[in-house]
Amino acid sequence: MSDNHKTKSAASDLPELRIAYIGGGSLNWAVRLIGDLAAQNQAGGAGFAADLRLYDLDHAAAERNARLVGRYAAEGAPLRAEASRTLAGALQGADVVVVSILPGRFDDMAQDIAIPERYGVLQAVGDTVGPGGFVRALRAIPMIADIARPIEQYAPNAWVCNLTNPMSTLTGALYSAYPGIRAWGECHEVTKLRQIIAWLANRREGHLRWGFRDVTVNVLGINHFTFVSSASVGGIDMMPVYMEFARERLATGWRATPRDPADEHARYFEDENRVKFDLASRFGIAAAAGDRHLAEFLPQSWYLDRHEAFGFGLTPVDYRKRDQAAKRAQAEALDNGAPLAPAQRSEEALVDQLRALAGQGMHLSNANLPNRGQIPNLPQEAIVETNALFTGLGVQPVVAGALPDALAAVIAPHAMRQTALVAAVMEERWNDLFPLFVTDPLVAPLGTDRARAMYDEMLQATAAHLPEELVQGAA
Amino acid sequence: MSDNHKTKSAASDLPELRIAYIGGGSLNWAVRLIGDLAAQNQAGGAGFAADLRLYDLDHAAAERNARLVGRYAAEGAPLRAEASRTLAGALQGADVVVVSILPGRFDDMAQDIAIPERYGVLQAVGDTVGPGGFVRALRAIPMIADIARPIEQYAPNAWVCNLTNPMSTLTGALYSAYPGIRAWGECHEVTKLRQIIAWLANRREGHLRWGFRDVTVNVLGINHFTFVSSASVGGIDMMPVYMEFARERLATGWRATPRDPADEHARYFEDENRVKFDLASRFGIAAAAGDRHLAEFLPQSWYLDRHEAFGFGLTPVDYRKRDQAAKRAQAEALDNGAPLAPAQRSEEALVDQLRALAGQGMHLSNANLPNRGQIPNLPQEAIVETNALFTGLGVQPVVAGALPDALAAVIAPHAMRQTALVAAVMEERWNDLFPLFVTDPLVAPLGTDRARAMYDEMLQATAAHLPEELVQGAA
Amino acid sequence: MSDNHKTKSAASDLPELRIAYIGGGSLNWAVRLIGDLAAQNQAGGAGFAADLRLYDLDHAAAERNARLVGRYAAEGAPLRAEASRTLAGALQGADVVVVSILPGRFDDMAQDIAIPERYGVLQAVGDTVGPGGFVRALRAIPMIADIARPIEQYAPNAWVCNLTNPMSTLTGALYSAYPGIRAWGECHEVTKLRQIIAWLANRREGHLRWGFRDVTVNVLGINHFTFVSSASVGGIDMMPVYMEFARERLATGWRATPRDPADEHARYFEDENRVKFDLASRFGIAAAAGDRHLAEFLPQSWYLDRHEAFGFGLTPVDYRKRDQAAKRAQAEALDNGAPLAPAQRSEEALVDQLRALAGQGMHLSNANLPNRGQIPNLPQEAIVETNALFTGLGVQPVVAGALPDALAAVIAPHAMRQTALVAAVMEERWNDLFPLFVTDPLVAPLGTDRARAMYDEMLQATAAHLPEELVQGAA
Amino acid sequence: MSDNHKTKSAASDLPELRIAYIGGGSLNWAVRLIGDLAAQNQAGGAGFAADLRLYDLDHAAAERNARLVGRYAAEGAPLRAEASRTLAGALQGADVVVVSILPGRFDDMAQDIAIPERYGVLQAVGDTVGPGGFVRALRAIPMIADIARPIEQYAPNAWVCNLTNPMSTLTGALYSAYPGIRAWGECHEVTKLRQIIAWLANRREGHLRWGFRDVTVNVLGINHFTFVSSASVGGIDMMPVYMEFARERLATGWRATPRDPADEHARYFEDENRVKFDLASRFGIAAAAGDRHLAEFLPQSWYLDRHEAFGFGLTPVDYRKRDQAAKRAQAEALDNGAPLAPAQRSEEALVDQLRALAGQGMHLSNANLPNRGQIPNLPQEAIVETNALFTGLGVQPVVAGALPDALAAVIAPHAMRQTALVAAVMEERWNDLFPLFVTDPLVAPLGTDRARAMYDEMLQATAAHLPEELVQGAA
């Protein structure tokens, strides 16, 4: 740690990190993190203890999470937690801040998707780019700025992990509101490609030897539109193997296990890697994120219009609501005494990253950071996703090299609009927003007039979460 | 002049430039340049004498142009000319080289437009971006490189003016083939906006006082997709006046004089400025080039699909052929003794630029040059169009400042693809071409498969002008 | 003008600029500017009228200058002036702001030179770099910031000309205090080289034809350490002629006219160009500023230690005081009715620059501006001196190209320290100052301990003009 | 590995790297590397097998080294080696190339130091910067280029480790001769600071727990003039502890163990860290390299003039010769059957780096690489020293952040001169060399004339190793 906050855990000889967790009533990330913290000694190497300060607008949710921590602690995990009533209280003394908020309700998200759909614009996720990602950013940037400023005041040297989407713009908003912040944006999408490569490496050896964590990849791109230029397993260059496999499976796609037609979650969240394979053949570099995300950065005619043929679904917000209700029920059951399953390490990298920040070894994983040379053919200071090194010194980006030219020309305008969107919202230049909206490749084909009508309709639908001047301009 | 080639004209006390003119059998630029050279003393200030060395694959055309120079000289213009049988002969000892070639025949250009049209892709000009501009560049880049290399050998310090389209890629090709070249790309499109502003300035004063040369503008963008961020006439900031005018005329458009319905040239080459006015209202900055050019950089749905409503035509190559035949007949008549009209100064800036290079005053005009800081939010070294200063020291770019963010995100990928296209052709990386082709906004909506079919068809149609490996890859 | 403040003069048909003149009680620049304004129609081309608002801490001096303007106006010059009692009053409505202050008194300047001299550090001027320039900047940066902030408030779009030394740091301070400022730093030193070149051009032609204004030069460097990479007179490349001349006169030096031994001013302010000639032979590029200034950027052993042999003097502050007293007496005599000599155009470029800003033609001259590509091998955003273009659009830097490598390695650290000095003072990081001071090439050879003693002594001597915390740190 | 050369060792299940070792008759690095390869399994984690191809102008030395490898192999180390008669033969099929040559003989090095000494210029080492480092680079750059070109031909994808000094210029020369090379420069000097910090961490804990490999440091600078901005041991920020220690020991210096007055090696190669401590107090950042190296980048008055007071020696080349003779005798004894001591891991990082390149885990250590964003306030593409990450993907620089401003202004001109020196030699621009030589801070105080005399004398003394044109220019 670069400051001296870190102390030793009372209950153990381990270094202890104080972690402020902001949000997380979403039930998703918070519970997984708690499980990973409890399970962390499974990862091998020395671990760390954690003192969690949980802050959520829904204080009851924070308290429920604190009780969950307590149950793991009772079983010996080096954890403690308390729910904080104020943001300042949670931040004070924090070594690490985790930001995981929901920008607006699912009903807002539903409108982000439904309104464009009426204009003929399809979105598979709707939280990153395209009209949905744009309007979600409009709601979220001020919320994130309202978290960054107290971080500057109460925990200026803390390491700050953003888990909230849209990742690029919101990580950018953290840096815009507090330029000295030590923040990175964390996302697990690249895992998907690493799992395919691990499968290929195992096939090559004839037995199960490698997991995705054994696959070292060089990551380049922006969040949810990430690529991998080289991959190594046990010192073997796996890229030729992968590219050959992608060519072979271009027409059929591939999954590690067959899809269960009854599995609604799989239908909406999983894919057959056909977009990945197609992009690899187009641009000569492996695409890394999930197909639903990749598709949204490109003209609708490429993949979204043919999403069924390409084997991926458009996630309905309706399903998200049902899924959330189920998770809430689980959490409440757990809180009411349902038996606690043994902690199991998830596929998330956050706890590995925290352990390295606690000075227990190094960790390399992809992270979203301002571009300071990582990718020379994307704009400086745009938020890019490449490998970053986590050590006791903090988070440092690794120079990844250049993207293929044609791909850089696809990614750069997205990155430029993301940077400009953050700046326009932070500086309250409301009139500068529509030119950014209308030039997104999912919006541009509508023409300027229909795009404007759609934009105004979308702002009205989520007006409760937007500044008044912005909505009035749209009225 | 930075070298000492320049001598005094025998026939006058004026400094004399030796000018190698490469190409120009096109009858268009060469004749206009000769007229401007003859008329140049009308421009006020001291002039210069010119010793022209004309080189054309069609040697008879070069000889005809030399005879035309002779007629002006006989009337007292400080000019002399001879047709050179070799490129080396024309270049040896040149102070200035003018490159004005036709990359392929009009029949090739006709295919550049007709094939995409069958795929539903409309182009107004087809020589700059989009599928037509791309394939034209494939033909022309090697031709231009074959001119740049002898320039390095025979006239390494000469000032080189490229007049050939596609301007950005071909100026880039000159620098790629001979990095030490002192080249700029010259284009008159910005004149169109300056004329509107001069008209507005005259309206404001109530009488005819200003011409377009009195309008100082700050130019930013890439060739044929240029913008103007500020404009001054006699010290008055004309930008608010223009922006107000653009808003007023958004729906109706505007022309200085009504269009004659019988004027076929006007139908195909002129416009009503409605694209300019619309872009001004969208991006908050004045668009400067002709509407036909501006439209091709944007999604087809914006302007090309509605070109009639927006008041501009799609120029048929058929008309170009008829126009060329008429010009050739004129040239032949002149060559056969038809009376020579008095030389009149055209609207082109080239002779003004040459006079400044000859050390006779300064001249400021827009020019295409590698980006060395002129526009900070476009990629370094891409060929951009901004003001450049012409003096006895040469051509120096003027720092223009940043484009509005949303517009920069539209222009940057065009500039990135142009740079990459030149590099791929020069390095014979044929497989890297299609990814650049398919991501052009006029091509991308086709989807990758139909775009590939169109690409292959276009290459076959112009195969005679392309390297064999490239065409085979497309077969 | 980019705003619409400019109006027509009541007394004439000329465009009128409102000029706020801040400082100028120094009697030097203000009187020369007033004379140039009165004489400007001599320059040819259309002129402009001026409405001056004079502000000086010494209000009587401002009033005296206003009366001087009145006398010229009475003779028909299109000028008017009033002395303003407040800075805000002078700035309100200004089209142009001229900043010409004296940072501290001559007694402070005397210490800036005398103390280092006791440590064996010689300075010829002591106002730019070295220990004297550094401490002068410490005094002046906060004063300049106190002018920049009201400019942001009262005249945010005005063009701001800084005439105050140290030029690089103070122009940097204007941009640091108000990043949106439209400021340039104006200095006449390059004129010295242009005059030599004009003399050489006249010698070549055998008669007096050219003045220094006919010499177009490409300027590169930082203020007072400027170089010229190419020079053109009437289209002739004069650089080979100059370099040959510099070689010939390396040993003897050269002056246009012999030095009058009785001329004290000449003894202290003029030179024999031997430093210029020596630097040209060392680095292969012409040095442009006065020898006294050039010498201060280099190790003392190069020129300062041998200043008599090299034919230049170390200007005593004592002489400056006497000179100022003489000028004051002249000004008072004039104010008391002494006859007004006819206005004569001086060698300063400021009025030419203002005329261009008023929309009356273009003007090219060297100016100090943030590096935005002008010189690629000096740091971006450092204040550099290159040509800038003045037009109705404002002041725009011209891309000058790279310095020779070895020279860039001499200039870059000066530029880096200047940028860092401004930042440290503006952010009140007092401890970061000494590391910058001790690494200046005139200071470094002292060793760190003696340098520290000298630094502390210098701060104490001018403590009245410095922040208390800074001086305490030095106590 | 990014190519597929790597195979499995016949003798083991380990991945095997083929390593071409160029040079190494120096007896120093080669023997240490062989020992480290033999000892590598001591480091924990999986290891690798090595197939060495040894090439030396002194073929007998290469054969002797091959026999040494054979002895370790006979004891079970997974190694094999053969001496190659040609460079091409050694390179063909190499996964890794190690370059460790001696540029000239010790007699040349003796002159690099003795001649400047006669001019009053002291050097502690004379192989990095200053007159000695410059002339050594003149000898070595062409030699290194003659190795880089065959690497391009025979092993274009190999990882290339340069061990030869001057490190910055020679690593730059590798990239200049073959821009696609995958080279890094390896140096152990930063170890010295890490050992002090480990000692401090152990003192803090009260027992011996940490070694220098447990100290994670953020390295910034150029080779032999490196700094550390943060340091972590077991998650504890050690920088405040170190800075406090440096202040305390400013006057006395510090060594882990007392110096044995009889130990000649210690006298000439070790130090008391007083330069490190002094620089830390001056610039607010820890200096990392040995004091003898650090001193040579600064004015002679700072440390070299007072080297005895500062506790470090000026290494006589005479001692280097005796030391080499002793090492040669040892090597010959070993070759003649003297007993082989058990392989012990040295402090060098090279084998750890190779193991990571072989896909066996990650390794982080400082390396010399072109600046692609690692240090934003040093010039892009200059060779800088920061941390780099070694994995199965190769060597990737880690973004280190900015140097303190004043220090950047000291380092940047060194880096600029190094880059320019390489370019001038590679392009045979001999006249551009002296301006770079004369502006080095150890040379500049001589004045230009004496510096020129020294330069010419130094070139004559080593003329046998220099191009004829260069020496003639100096005659």
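We call the chains A, B, C and D, going by the order they appear; numbering starts again at 1 in every chain.
In the analysis below, a contact is a pair of C-beta atoms (placed from the backbone, for glycine too) under 8 Å apart; a residue touches a chain by one contact, two chains touch by 3 or more.
The shown structure was predicted, so the numbers you read here are calculated from the model rather than taken from an experiment.
Undergrad: Count of steps on the shortest touching-chain route from chain B to chain D?
TA: Step count on the best path from chain B to chain D: 2.
Undergrad: Kindly list the shared contact partners of chain A and chain D, in label order.
TA: Chains that touch both chain A and chain D, as defined above, do not exist here.
Undergrad: Suppose each chain is reduced to the average of its Cα coordinates; what separation in Å results between chain C and chain D?
TA: Their C-alpha centroids are separated by 46 Å.
Undergrad: Can you check how far apart chain A and chain C are, centre to centre, with Cα atoms defining each centre and the answer in Å?
TA: 54
Undergrad: When the C-alpha atoms of chain B and chain C are each averaged to a single point, how far apart are the two points in Å?
TA: 41
Undergrad: At which residue positions does chain D touch at least two other chains?
TA: None at all.
Undergrad: Using the touch definition from the top, list the residues of chain B that touch chain A in their complex.
TA: The touching residues are 278, 282-284, 298-299, 301-302, 377, 379, 404-410, 412-413, 416-417, 419-420, 423-424, 431-432, 435-436, 438-439, 441, 444-448.
Undergrad: Mind listing the chain A positions that touch chain D in their complex?
TA: 1-4, 6, 15, 48, 216-218, 230-237, 240, 357-360, 362, 364, 372-374, 376, 387, 389, 391-394, 396-400
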